[in-house]
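Shared chain: chain A. Partners: chain B in the first complex, chain C in the second.
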Partner chain A sequence: MADARVPLSQRLRPYRVLLASRARAQMQYRASFVTDILGTVGVGLAEFAEVWVIFHNVELLGGLDFKAALLVFALSNLAFSLADMFVGHLDQLPVYIRAGQVDAFYVRPLPLLAQLMTSELSMRRIGRLSVAVVALVVALTTGAVAWSPATVVLIVLTVVSGTAIFAALFTAAGGLQFFLVDGSEFTNSFTYGGQYAAQQSQQVFPGPLRIFWTFVVPTAFVAYVPAVAILDLPGDSLAPPWLAWCTPLAALLAWGIAGLCWRLGTRHYQGAGG
Partner chain B sequence: MSIIETRDLVRDFKKTRAVDRMTFSVEPGESVGYIGANGAGKSTTIKMLTGILKPTSGHVRTCDLDPMRERIGVARRVGVVFGQRSQLWWDLPLRDSFAILAAIHSLGEKEARSRTDVLVEQLEMGPQLATPVRSLSLGQRMRAEIAAALLHSPDLLILDEPTIGLDVLSKQRLREFLVAERRERGTTLLLTTHDMGDIERLCDRVLVVDHGRLAFDGSLTGLAATVGAQRVLVIDLAQPTPDLDDIPRTRLLGSESDGLRQRLAFDSEATTAAAVLAQVSARHEVRDLTIEEPDIEDVVRRIYAASGRA
Partner chain C sequence: MLVRAGFRRHSTYRLALLAGMTTNSVFGFIRASILLAALTSANAAIGGYDKPTTIAFVWWGQALLGTVNLWGFSEVKDRVRSGDIAVDFLRPINPQLAYLAGDLGRAAINLLGRGLPALLLGALLFDMAWPPSAASWVVGAVSVALAVVVAFSGNFVINLLAFWLVEIRGITLLWMITGGLLCGLYLPVPWFPDWLRTIAQWSPFPSMLQNPIDILAGRVVGADIASAVAVQLFWATLLIVLGQVVLRAGRRRLEVQGG
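The block that comes next holds the complex of A and B.
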């Protein structure tokens, strides 16, 4: 189509306008926006408190000391809150369907998933995001990081791929909810469950669960696997340091599954009744 | 080239057939009323025309495109208003919705501004531009929805129950606008409605759908002829009265409160309201009366009866 000749910036303009409008809408209620941000800061701190409490009692857990665990916590929370901010609303798909919003997307000349993704921007997640950023800075400056250009590349790659992995999980959750009536309980188990699993040392899980969180829902790649490489820890047979460089592959795998779920979902869609 | 073309279009849901071998076409510039009882298959047809639903079998083309495979192309040429659902951004001022839609349809800045200005002026929405959509009245919101659907100057405008819930004045303004829009731009119109007034003012052709099948396709005059002008005389009597089921050339639809209120249907061609009233008041004391004009449900019922499927 003629679209191929339109410059990319021009093709992305609708999404920029959509996202900017979402930001504007949230700014209209200044007080509630500030409260929301404080709320998500609280969530971030509560998650951190769990890590802190554990390492207040034990020196090592699953081969990680407190500083290493802090890095795992920071990477997983950073990736999750970024994904949650941009596409966390995807698992609210039934709400969109009931409101007739999905039908409205169908009659606009943009891809469905792109419209759904840009239909909301949860800026309140900035609270949790900032907790994660602070934790990351602290973990990287106080931890025994073997700095090199490769380490920097690996950290950036990890954040980008980790965000992509969680975004894929939300997309898969959205796709599945085209069929599952009130399926959010089920999909929460791998979105929020995945986030919980990602912030643990994978060595605490029994074998089958580790394999699940590494090769099926690959959240081990979000934080634990890269942290092993960044801190130059020995790792183990399921998480050798070189595996950290496979994080983008894990993201691709996750997106493959997400794409499949989404496609199945839209095929199944029957419109919002009425 | 037809704007809409369906041939043997079928859509099944789990156990029911919502649309059953539907065949019709709509030419550019036509204005078509699409009517039928709730659940007759109107919305399902619209969803197949716009690429929301995949047909089970049969052929459908909208603006000479396949809506399933070329949904985005269809979306560029068609404007849709779902009366019960909003296309606007409820938490932002109305003008933002127009700006966002202009960006979605990749309208140039100049084009977007001039088209918005024209629509805002014609629909008299200037004072509401800075109002958040959630604070608009239903009538204002409906006009805004229609402006939003017309922003990209579509060839075909599909309206699903555009006047539902509107007061008389709002309906009037909306209809006047649509008449003007068609006259100026030749926009093809397909609308579903339960309001006979919409059909009378806006449509030169009517499709009646019954259990997913096309039961009538023709002009409004043709429809009136099929249906007759069946009207209902509602009579309030001074005293409880036995059923008035023997008034010549009328049919008793029902009686309430021991016969204090009775409803008589009659054909304008067979008798007059005055004659019916005279016959009733010769026997009983009449306190009050109203006349109900035929509504869409009644028209549809009679069409269904005529096609032997009532």
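The block that comes next holds the complex of A and C.
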């Protein structure tokens, strides 16, 4: 058991080196990197424009005013762009599978999922991340936030758990890709679709759809449910304020299912042929 | 011939079509919920769209999303970069028309295999407005075809910029983001504030989606249908001619090494 005596920092070193090299590589072509960042800023702004244009026509949407909706938008976009930055490239798994690159990962002495996650760090997503951060700062400073130590804890908890939930969705999608390959777009319905649903007031959805986004694909926990508690809104039967504290639980459950999908997928995988 | 080849090429991947339809439907559900909530909150029609026509807006949009190539393509750019475009120049048919024919075939299979099932699902589950008259159906179909042509021709010009630029990713991104917002995929263009609507109306993007949807959803009727199609015709002609001009200029610039 020589492994057990190696300190954690030593064991994580390969990943750190990998990530740093990926980040450095992306910044080599300066102009291309800047363009990419501007591109993701544009994506973030376009997402924001969609929310803003609706509020240009109405005062309230799904029981939220513009400032409250901005908070929901910011929390979901922040969590999504963080998850996208770290594991969003799992989306490319069908490409790796077809090219036989997955086999190359298998022969290395590190776990497959950990290798795949650290094989890329999409620095360009910083653009969208910064749009989300600005939106969050504006929403928290101008909105009617019921500030207390508990609120601060809740906000941090929400961002961490929300990122974990989206990362779990990407990982579950990755596991399913081993079965789907050509049908890879199926999983977009709950990764990107989940992000689209997460940035809305959940009250816009009819009952069955709300239950789906709360208990099946738990993206309601990413932004709307915590926002109800942060802004001290009354909420309703499917989103009472205390439910906000269950966000880490939702993240844990999501990861349980993601782990299962990933195991099924990797067990199913037979190699790309020789 | 080329249209049929494009149709068959894209119909091979049936699972991909089904996957695309599923994803389009999920987004359709979410968008329909949001827009209906907005209409309930406004307690009136917004920009000429009441509830049934808004539902039609959402599902026609999802149905046409795969049909009209909004997100662009990179095939021509890649061929310019690798020099394979020279082979296209040697063929007895104009490269622009050849690629357009292939794209029309792609559009047809995507409309049948991916778009119409999503539309029917939407019509089953929501109270959706159908095109109000036979004229709306017929002109709507023409308008969809024109939308495919406008989107293709615009993207074709962007792809050809690869003759002069090493990397066109930035321009492609900018085209995609502005296009996505202004074409009327996320929200109807008539919902925009005045200044944004003016920008949209002076751009080719509404001709790629909003105009056919307006006709098919029945928001635009009577003589206005003619002007909606006329605008599309204008952009289709302009972009095709521009494509030809750029293609000629690029051809003069092209130097391919070979032996």
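In the analysis below, the second predicted complex is superposed on the first by the 273 of 274 C-alpha atoms of A that agree within 3 Å, B and C clash if a C-alpha of one lies under 4 Å from a C-alpha of the other, contacts with A are read in each partner's own complex, and residues count from 1 in each chain.
Here, a residue touches a chain if its C-beta (ideal position, glycine included) is under 8 Å from a C-beta of that chain, and two chains touch if they have at least 3 such contacts.
Bear in mind the structure is a predicted one, so any value in this text is a computation, not a measurement.
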> Is A:Thr142 contacted by the first partner chain B, the second partner chain C, both or neither?
Replying inline: neither
> Which partner does A:Gly39 reach: the first (chain B), the second (chain C), both, or neither?
Replying inline: second
>> Going by the contact rule set out at the top, does A:Leu61 touch chain B (first), chain C (second), both, or neither?
In response: second
>> Applying the document's definition of touch, where does A:Gln28 land relative to chain B and chain C: first, second, both, or neither?
In response: first
> If you count the residues of chain A that each partner touches, which comes out higher, chain B or chain C?
Replying inline: C
> Does the superposition put A:Ala104 against chain B (first), chain C (second), both, or neither?
Replying inline: first
> In the superposed arrangement, does A:Asp182 touch chain B (first), chain C (second), both or neither?
Replying inline: second
> So, does A:Gln203 touch the first partner chain B, the second partner chain C, both, or neither?
Replying inline: second
> Which residues of chain A touch chain B in the complex?
Replying inline: 6, 10, 13-14, 17-18, 21, 24-25, 28, 99-101, 103-104, 106-111, 267, 269-274
> Taking the complex as given, what residues does chain C use to touch chain A?
Replying inline: 13, 15-16, 18-20, 22-23, 25-27, 29-31, 33-34, 36-38, 41-42, 46-47, 167, 169-170, 173-174, 177, 180-181, 186-187, 191-193, 196
>> Residue numbers of chain B touching chain A in their complex, please.
In response: 13, 43-44, 47, 50-54, 71-73, 75-76, 78, 80, 82, 84-87, 89, 91-92, 96, 99-101, 103-106
>> For the complex, give me every residue of chain A touching chain C.
In response: 31-32, 35-36, 38-39, 42-43, 45-46, 49-50, 53-54, 56-62, 180, 182-186, 188-190, 192-193, 196-197, 200-201, 203-206, 209
